[in-house]
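In the two assemblies presented below, subunit A is common to both, partnered first by subunit B and then by subunit C.
Up next, the complex of A and B:
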């Protein structure tokens, strides 16, 4: 009997603790889930208020959407590949062939994470733009009529800017992974006759693979959703999904089309985020 | 032909670019890190086919000397010869060596067989040779049945066996062992020491440079021992000789417990190679040469070489007062006093144990005691 009396208040406490979870859940739902639901609703319901799947499918079947999807994928994959290659090269040098000031270099690269993405793009227009330093020097130096360097206003310009901005996102986890590689494995491998490239390929990279996948998938996620750089460069014909959504919603006021495309963008992002989490978990484990 | 003999036929050897031969010579090799000298000029030779153990406390420079042979640190001065050829400027991958380290350093994503094959592949061996060597090396260390396992699926002792097989597979000119057994618990360590000894008996041509801080490993395995202290060679010699007749106080105490009693030299004894010394009132004969009469020395005698009963061989006797007696099962430790000096004695069998305060006579053989100049060595 006394046991039952003692247990009763404890049970009441547990119930109370359960209710405390509700407010944060409601806030989360209002902040994150509700807007998403609104977008999904807007994608499927037309101006008359009725369900209209045909309109959404029409948008997703359009040339503009497919071009944007293709552009987004191409730019994201190319940028991510660039980030991984540059991040790997820098990471290997910083971790295994350190030079005086290597730590400072790593920190400077890190600070790029803190900078707004369009800032790099702005700097690029000063450097490689048609009236930029490089073209200015070339036109006056070689006596040319037109600026010879014009890659900035193409998909390549976007890729270069994204590689510059997002490489630190690959480099950071790579440096963490490299710092965990047992140096005696490298030494033993070199005594066994392995040259540096073989050691990188067979000893270092397998150990850093989860970090490469995690950094790479994070990069892919960020470049798929990149808006500022693409808008700022304003390259002709380089329309990505975020830019297309912006065009549909702001320029054409076609909210249903914008929301239908946004849903594809969200699905793509969630898929990539899942990949990133999976890789990050493996890195952690 | 035994497996080991077959293993060492050189016909199908993977030719490393390192020179032929398998001795190592340190010729005034010194190493400095950022201006601080961690290894003072070291000159010594490891003969082909011998196990030379480098022992010493932390910071003595033993690992630095090993890393200089491996090519991981560049000597500040001096030259290193492997097989008679100057290897000082060769990169590690061209020295024809292999190494086993404390934490095994197996490649975690490779199976046991792939770990063992690593060096052979790196040296460009053919597929048949790789298969044969992997199989032979794993058989020598008794790990054949684990070839498909990953390192994480093995115990510490098994991982170290794989690490040894990986090193043996490339048939190194010199095998470098850097504290290879330190990570194992005491029981497995003892078993592994015996296994390494057996391995060397099976592969007598293999030169081994063995770094350890454990004197019992060194005493069990090494043909010769080099004792380092503060970056300097303190003593080097054949294992038994160094243990029984240490040249200085540090060598005497580092290789095991030693009684170091102050004595005064009386003069040469009748037998050649022996001198008479006075310890308090007692006169004893100890091994030694070139010690002038009247000079002060330390007499070194190991605790287990002192007994409570004399005989024809144990002709020396010294008297001491028993201070402590500790029975430890197999052994009994006695602590006695001769004037201000302490005498430690280890007895295996004591039918009539003495009591504290007893004045006892301790006996020892002249060949079990030697003289040390107090300031000798470092």
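Up next, the complex of A and C:
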């Protein structure tokens, strides 16, 4: 704030300069915030223009919605846990027991961030599907009658696909945090006789905790919002909130129900976004 | 460094190779293989063919490639302009309001894409802005979803910029507009190009909002791939996915290494 005092003579100009933010703000309001308010309006206000909470409550009290909410939460939590465990394992190896080409591997894993998520699901059909490689090998190898591996078209298939797709989002901040860990601290600890697991627990993990929390909460947000993977797996019993919104709006043309569910989904996402910002900021990530 | 013995290292490395192989390499490899397979019922495909790429090079699939490229280009260009504009405007505006506005520009990346699509469908199916059923609504959906990433990338670039050159330009009497065009924008050019590449890549893979709003005549690659696999034509789907992956990687890596040098990295 002392800057503002020092620049007091230019205050009028700065004030004017503040309006430069208006054009992109108007675009954001028109194309993003206005549609969001219309979702709430469509969910809560009926054709006559009056407030009608009963219809929205009926949707939110339905079996389909509650199942989808539970599925979404379970899949998101399981996937995030998987991403954190896998990201931590890979990150520790890439950073503290690097093999030749570890840097290249980290970069390749990084490019997964920009690839479409459904790619993995499509690949899983070839790998773990009923006519896929794994089942083909097992049936011909063991002489079985029917394919033994049958997890793909269940919540586990979705979780495994999401772990693949979202681990890089944990790995990236973790590698950044690991690169800041003081190497001499680790060497001293091992000279003093500490075993690798103890060094990880007492030296490395405390330093990487902010990155774990930030990466984990980002994963939670992205897995709650994930649509492509769930749509491509297309299992009957695995309906999440985004898929339910799509079903209601596009398959059943029930926009009122779709908007009511979307309101809950958006609120959930914004809450997780707030948690992510809080974690990233609070822990200095 | 953490594992000293040779046997320990070999153990750890084979473990890492196994995880990386099963989780990251196998999916890409298997799609690549499937895109050139004639038939695949056992462990390995029987016979190889380029037929699926030939299928993907004509008809509806070619239209999908075209639709994705045009959508990605238009949406990324718009996101680049507004993202750079917002980042530059907010840079001059530190403090609580500036921070709050910065968060506001990030929010589109936090909202589920299906809900963004639903909102656009509801908002622009009525007057005064009737966009439903047009190509423009697809552009808008992609623009909204990638705008936050463009803004974030360019903001990060600006925050790394050393103020020296701009201060020198100001001291030498450059007017704000001249300084922006001849000093600031050239300095952040690498970030602008990288942000354009990332936006384009994200747009190419966008599915959730697109399935909500696309008109019949404007099917993007992800929607076409879903259509193909849903019909059981997984090999052509794999070929189109490979085209999507290669295009995305070219955009990402190519633009990241564009021959534009940052003059003043701090």
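One rule holds for everything that comes next: the second predicted complex is superposed on the first by the 255 of 285 C-alpha atoms of A that agree within 3 Å, B and C clash if a C-alpha of one lies under 4 Å from a C-alpha of the other, contacts with A are read in each partner's own complex, and residues count from 1 in each chain.
Here is the rule we go by: a contact is a pair of C-beta atoms (placed from the backbone, for glycine too) under 8 Å apart; a residue touches a chain by one contact, two chains touch by 3 or more.
Everything numeric here is computed off the predicted structure, so don't read it as measured data.
When both complexes are overlaid on chain A, the residue A:146 reaches neither subunit B nor subunit C.
Contacts of A:236 after superposition on the shared chain: neither subunit B nor subunit C is touched. Of the two partner chains, subunit B is the only one that A:194 touches; subunit C does not reach it. Touch counts on subunit A: comparing subunit C and subunit B, the chain ahead is C. After overlaying the two complexes on the shared chain, residue contacts for A:119 are found with subunit C alone; subunit B is out of touch. Looking at the shared chain after the overlay, A:90 reaches subunit C, while subunit B stays out of its contact range. When the shared chain is aligned, subunit C comes close enough to touch A:250, but subunit B does not.
Comparing the two complexes, residues 187, 190 of subunit A contact subunit B in one case and subunit C in the other.
Contact residues on subunit A toward subunit B in their complex (touch as defined above): 182, 184-185, 187-195, 198, 202-203, 206-207. Partner subunit A is touched in their complex by these residues of subunit B: 16, 70-72, 91-95, 97-101, 103, 105-109, 118-119, 122-123, 163, 166-167, 170, 176. Partner subunit A is touched in their complex by these residues of subunit C: 1-4, 9, 12-13, 15-16, 19-20, 23-24, 26-28, 30-31, 33-34, 40-44, 82-83, 85-86, 88-90, 92-93, 95, 101, 103-108, 110-116, 118-124, 140, 143-144, 147, 198, 201-202, 204-208, 211-212, 222, 225-226, 229-230, 234, 237-238, 241, 244-245, 248-249, 252-253. On the subunit A side of its complex with subunit C, the touching residues are 1, 14, 17-18, 20-21, 23-25, 27-28, 31-32, 34-36, 38-39, 42, 86, 89-90, 92-94, 96-99, 105, 108-109, 111-112, 114-120, 122-127, 131, 133, 136-137, 140, 163-164, 167, 183, 186-187, 190, 196, 199-200, 221, 224-225, 227-228, 231-232, 234, 241-243, 245-246, 249-250, 255, 258-259, 262, 265-266, 269-270, 272-273, 276-277.
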